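Labels run A, B, C and D following the written order; every chain starts at residue 1.
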Amino acid sequence: MENRQELQSLLDRTAAVCRSLTGDGRQATYIPELATVDPTLFAVSAVTLDGAVLSSGDTEARFSMQSMSKVMSLAFALERLGYGEVFSHVGMEPSSEPFNSIMKLEMTSAKPLNPFINSGSIVMAGLLAERLGSGVIKDMLDFASRMTGNKGGLVVNERVYMSESSTADRNRALAYFMHSSGTLSFDVEKSLDLYFRLCSIEVGTADLAVMGATLANAGKNPVTGERITSLDTSYTVLGIMSVCGLYDESGEFAVKAGIPAKSGVSGGIVCAVPGRMGLAVFSPPLDKGGNSVAGMETVSRLSRELKLRGI
Amino acid sequence: MENRQELQSLLDRTAAVCRSLTGDGRQATYIPELATVDPTLFAVSAVTLDGAVLSSGDTEARFSMQSMSKVMSLAFALERLGYGEVFSHVGMEPSSEPFNSIMKLEMTSAKPLNPFINSGSIVMAGLLAERLGSGVIKDMLDFASRMTGNKGGLVVNERVYMSESSTADRNRALAYFMHSSGTLSFDVEKSLDLYFRLCSIEVGTADLAVMGATLANAGKNPVTGERITSLDTSYTVLGIMSVCGLYDESGEFAVKAGIPAKSGVSGGIVCAVPGRMGLAVFSPPLDKGGNSVAGMETVSRLSRELKLRGI
Amino acid sequence: MENRQELQSLLDRTAAVCRSLTGDGRQATYIPELATVDPTLFAVSAVTLDGAVLSSGDTEARFSMQSMSKVMSLAFALERLGYGEVFSHVGMEPSSEPFNSIMKLEMTSAKPLNPFINSGSIVMAGLLAERLGSGVIKDMLDFASRMTGNKGGLVVNERVYMSESSTADRNRALAYFMHSSGTLSFDVEKSLDLYFRLCSIEVGTADLAVMGATLANAGKNPVTGERITSLDTSYTVLGIMSVCGLYDESGEFAVKAGIPAKSGVSGGIVCAVPGRMGLAVFSPPLDKGGNSVAGMETVSRLSRELKLRGI
Amino acid sequence: MENRQELQSLLDRTAAVCRSLTGDGRQATYIPELATVDPTLFAVSAVTLDGAVLSSGDTEARFSMQSMSKVMSLAFALERLGYGEVFSHVGMEPSSEPFNSIMKLEMTSAKPLNPFINSGSIVMAGLLAERLGSGVIKDMLDFASRMTGNKGGLVVNERVYMSESSTADRNRALAYFMHSSGTLSFDVEKSLDLYFRLCSIEVGTADLAVMGATLANAGKNPVTGERITSLDTSYTVLGIMSVCGLYDESGEFAVKAGIPAKSGVSGGIVCAVPGRMGLAVFSPPLDKGGNSVAGMETVSRLSRELKLRGI
């Protein structure tokens, strides 16, 4: 078990150093609402498997999950629909490709490479929307609230949702293309709508760190004690996080930090260290790969200090 | 620390079940010498960080390292040339692509995606051949012998080498293409020659498991006590193994087994579980992805039984 | 000048032989309205440069222009906007690619390869819709009526238009993608709407043959005597027809018939033989390349008989 | 029939204007021998179907055929092996692709797109070398000499051949790749060797214009009166020239000049105007597409002045 005081102290020291290490990172602007966020915000949280929630920095900061929602969506889909149905619609292999190439890949593939790239995530959303009907978003918000231990209940940030929805040329192109080829066999606009809502769920780093800790704890939320997923679901989600979590910097992150993680263009990174802890960090300026500059550095330092790789 | 008797017993039980689980796997035949190997051979070895070497099955079986040599080559290159020079020539990102697509990727990339795909490995070989001159193969065999703790000293299987060298249309195409575009700035035929020799180094599962254990032990061979690489080199090699180790089944393996590994078309898989142990398995029949069918199943079962992921 | 009686007799003989030569061709069904056309219809027309209009077969058959409208649209755009503006938005090079690959090409190209592939034609439509405003379709129908010498005036077949518009996943995907990358800088849905309307203009073979004869006559309609385009516009349209007219069978058609032409998935082919005549043929069953089987054979035979290549 | 005096006068006037119109063109240097040619050389020749050979400029200039040899090779292969065998090995469709993309295309195609791109031409050379044995180059030089009416007999420029052969990374990569995939089922090095020799055949513009006139005259050399190819062979070669003759500027050339042609990186262009004449021009500086700047302009002007398109 981790020593809470030492861990809090390490978070504070790391936060002090890393919050300014944003290099020439820039926050995302292609979704207009993201451009309005204060780029100097910084927060980090750690949640141990005995249920301690430790944070440092601007701990009250709230931001949209963006691609970090794909972790929760995958866990939800595995629990509700099962491994077999999920992976009949998407693969589980990494892609080091930027967006255009991912579109190219979709054109030669029977199904999206994995559930964390946009194509795969849109197909997941379409599948869930079709199977679970109009209550799907309510069910998923409830699931996310339990996985993050958020007592008030997570909600969609409507301004972010509107902003996403109206600036979605590429996701729309991708969805129509997949529909034409049969890869997306669900209603295009419903699939996109759920996808945008999920990206717009608002969280803080403590929420995310509890989510990571739940996976790290074999599916049982260590704060509330509630079982959220099976062990097998946590294995599957952790495995995909480890190879596909940071877009086309997943390999670089595996070298620098070496732990399962998922980033989002809002500037967050959620990590799950099996048998050890959950971690989350937030800092909006992104590198060219779309990952939080200060966030990657923070996690890399914590991984080394805490020997999160095992050595 | 692992209990040796329990571990030996687990290896024996797993071997008994898995050696016949080759499904419709087929051994590699595109290199003629590989087609001559007995497909019913099966061996598994585990090496703990306190230096115990445990094996089960056809423990005397010898086979060529093939792509597993890329683990050793990367460690060697990092130690001799440094992180900066190595990654100025290759990237560190995964590719889920089959061979043809990798060729396509090379045509649009400034450098090979990672040192484990053929293009990256040929560039590594060319770089090492140029920097270290004609003694390079002797140096690398010496390094490999120390990393595996092989007392007699590892050698190149000359028949496999000749067979590789004479059936290398695609690697030759790749090398000439990279030379034309400047990606491979070294002598084409010398680069290929070293690459073929490294693929042809002959080992057994115990050798490979010690190699894995050396990485898992932060660079120090746990059997001989010799430091082989720095901690940073082991982090780097482990990171790349975790995202690129099993060709276009790296994601599937991350889900099923969740530990850093590297496979070769001879039917071997070498694994390194940081802070826990090294593992190796050998069974020639391969699945469509080029990975040992029984080998993947063996490692997946051991990972689950021994909680090698941490949970 | 052509001998009218001999030409009529040749048309009749060729029609008699070719109308049944549809091999295993199948009419297009991806636009539902096209699937309702009688597949046994066959018509051929020739228009000489002294204004004779000769036809054979089901001369009353009416069908939608589909991609043959791209000939008229290009001529219209060149006349209204000029060569410079048109070719700042599209290229003029052939592509032997099927649809998926064309999408791939768009992702690496600054602009669509040529105005006859869907991407280029959608950009042309968007450009015309923006420059000419809401009256654009009326202007283009008027231009098409004068170019074909159709006295009653050409109109859009509304059922075909509705059918096109509602089954347009791929064109929609293409348009949204081009909009996201800046290749299509016009309103997506307006661009698509004009594109669908143009594809749905209804014609007969005599209309098309007059259109071809107008280009063959250096831009002057040989039946009405009206100048429709400049000599330079006819050169440009003829040049692009000769390299890009029959999708990915443009080369095969250049070998077999050797004259500028444009096909459409409704089963029509319009040809322009500079200094000699216009030709058009209609027979719905298409080969794998999307071209009328009987149509290609008819034109190939007429080309050989009439030495339309010059030898 | 053309008026010889007027045609000579037109050639002289056009040469006077065009020889300096090289813009920012640069002669090819990737084959070292090509870089040694005097870039200010300029010659143009026309050969009418009644056998007149008219030239202007540096009419004694000799240069290597480079890709223009593909016209002769295709005609030779069609005559010796027949249409069926030739097109079982290569296609007949254009590609607007630069070299890298052609390599990509080869990886997804069963056979090279056409006999004028490098891949297709290497396969043609391999096919001819295998079917006709070691005498193939002698036979082809004899055929080329008769097709060009060259009395002394055409020969390979050995310096250019050596230069080609030693700087052939990309063609070698292409050939090894095609061999690995079965697209090139002939000996790789023999295929390349014949290919390099054919590219290195030395000619002047008068030779090339006679070659073009032979095709324009339905296969009969209009100067010597000898039948060189069948009418069908001339149709096939003319068709492929019209869609694939000027690399990825074939469409632009179809718009500007509108006649069948083939260029080479030595700076030559050979044209065949069916029923009218053969043309050839030589000026080393090339545009970005690899085509002679002054050559394209010269042919475009002559086409317009002489109404070579028919209008």
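Note that a contact is a pair of C-beta atoms (placed from the backbone, for glycine too) under 8 Å apart; a residue touches a chain by one contact, two chains touch by 3 or more.
All of these numbers come straight from a predicted model, not from anything done at the bench.
Q: So which chains count as neighbours of both chain B and chain C?
A: A, D
Q: In terms of touching chains, how many steps apart are chain A and chain D, taking the shortest path?
A: The fewest steps needed to get from chain A to chain D is 2.
Q: Regarding the chain A and chain C pair, does the interface count as same (over half of residue numbers shared) or different (under half shared)?
A: Same: most residue numbers at the chain A-chain C interface appear in both copies.
Q: Let me spell it out: compute each chain's centre from its C-alpha atoms, then which one is farthest from chain B's centre?
A: C
Q: Between chain C and chain D, what's the gap in Å when you average each chain's C-alpha atoms?
A: Between these chains, centre-to-centre, one finds 31 Å.
Q: Cα centroid separation between chain B and chain D, in whole Å?
A: 49
Q: Touching at least two other chains at once: which residues of chain C meet that condition?
A: As it turns out, chain C has no residue touching two or more other chains.
Q: Please list each pair of chains that are touching.
A: A-B, A-C, B-D, C-D
Q: Write out the stretch or stretches of chain D touching chain B in their complex.
A: Of all residues in chain D, those touching chain B are 100, 103-104, 107-108, 169-170, 172-177, 179-181, 188.
Q: Residues of chain D touching chain C in their complex?
A: On the chain D side, the touching residues are 91-96, 113-114, 216-218, 231, 234-236, 238-240, 242-244, 248-252, 254-256, 258, 273-276, 307, 309-311.
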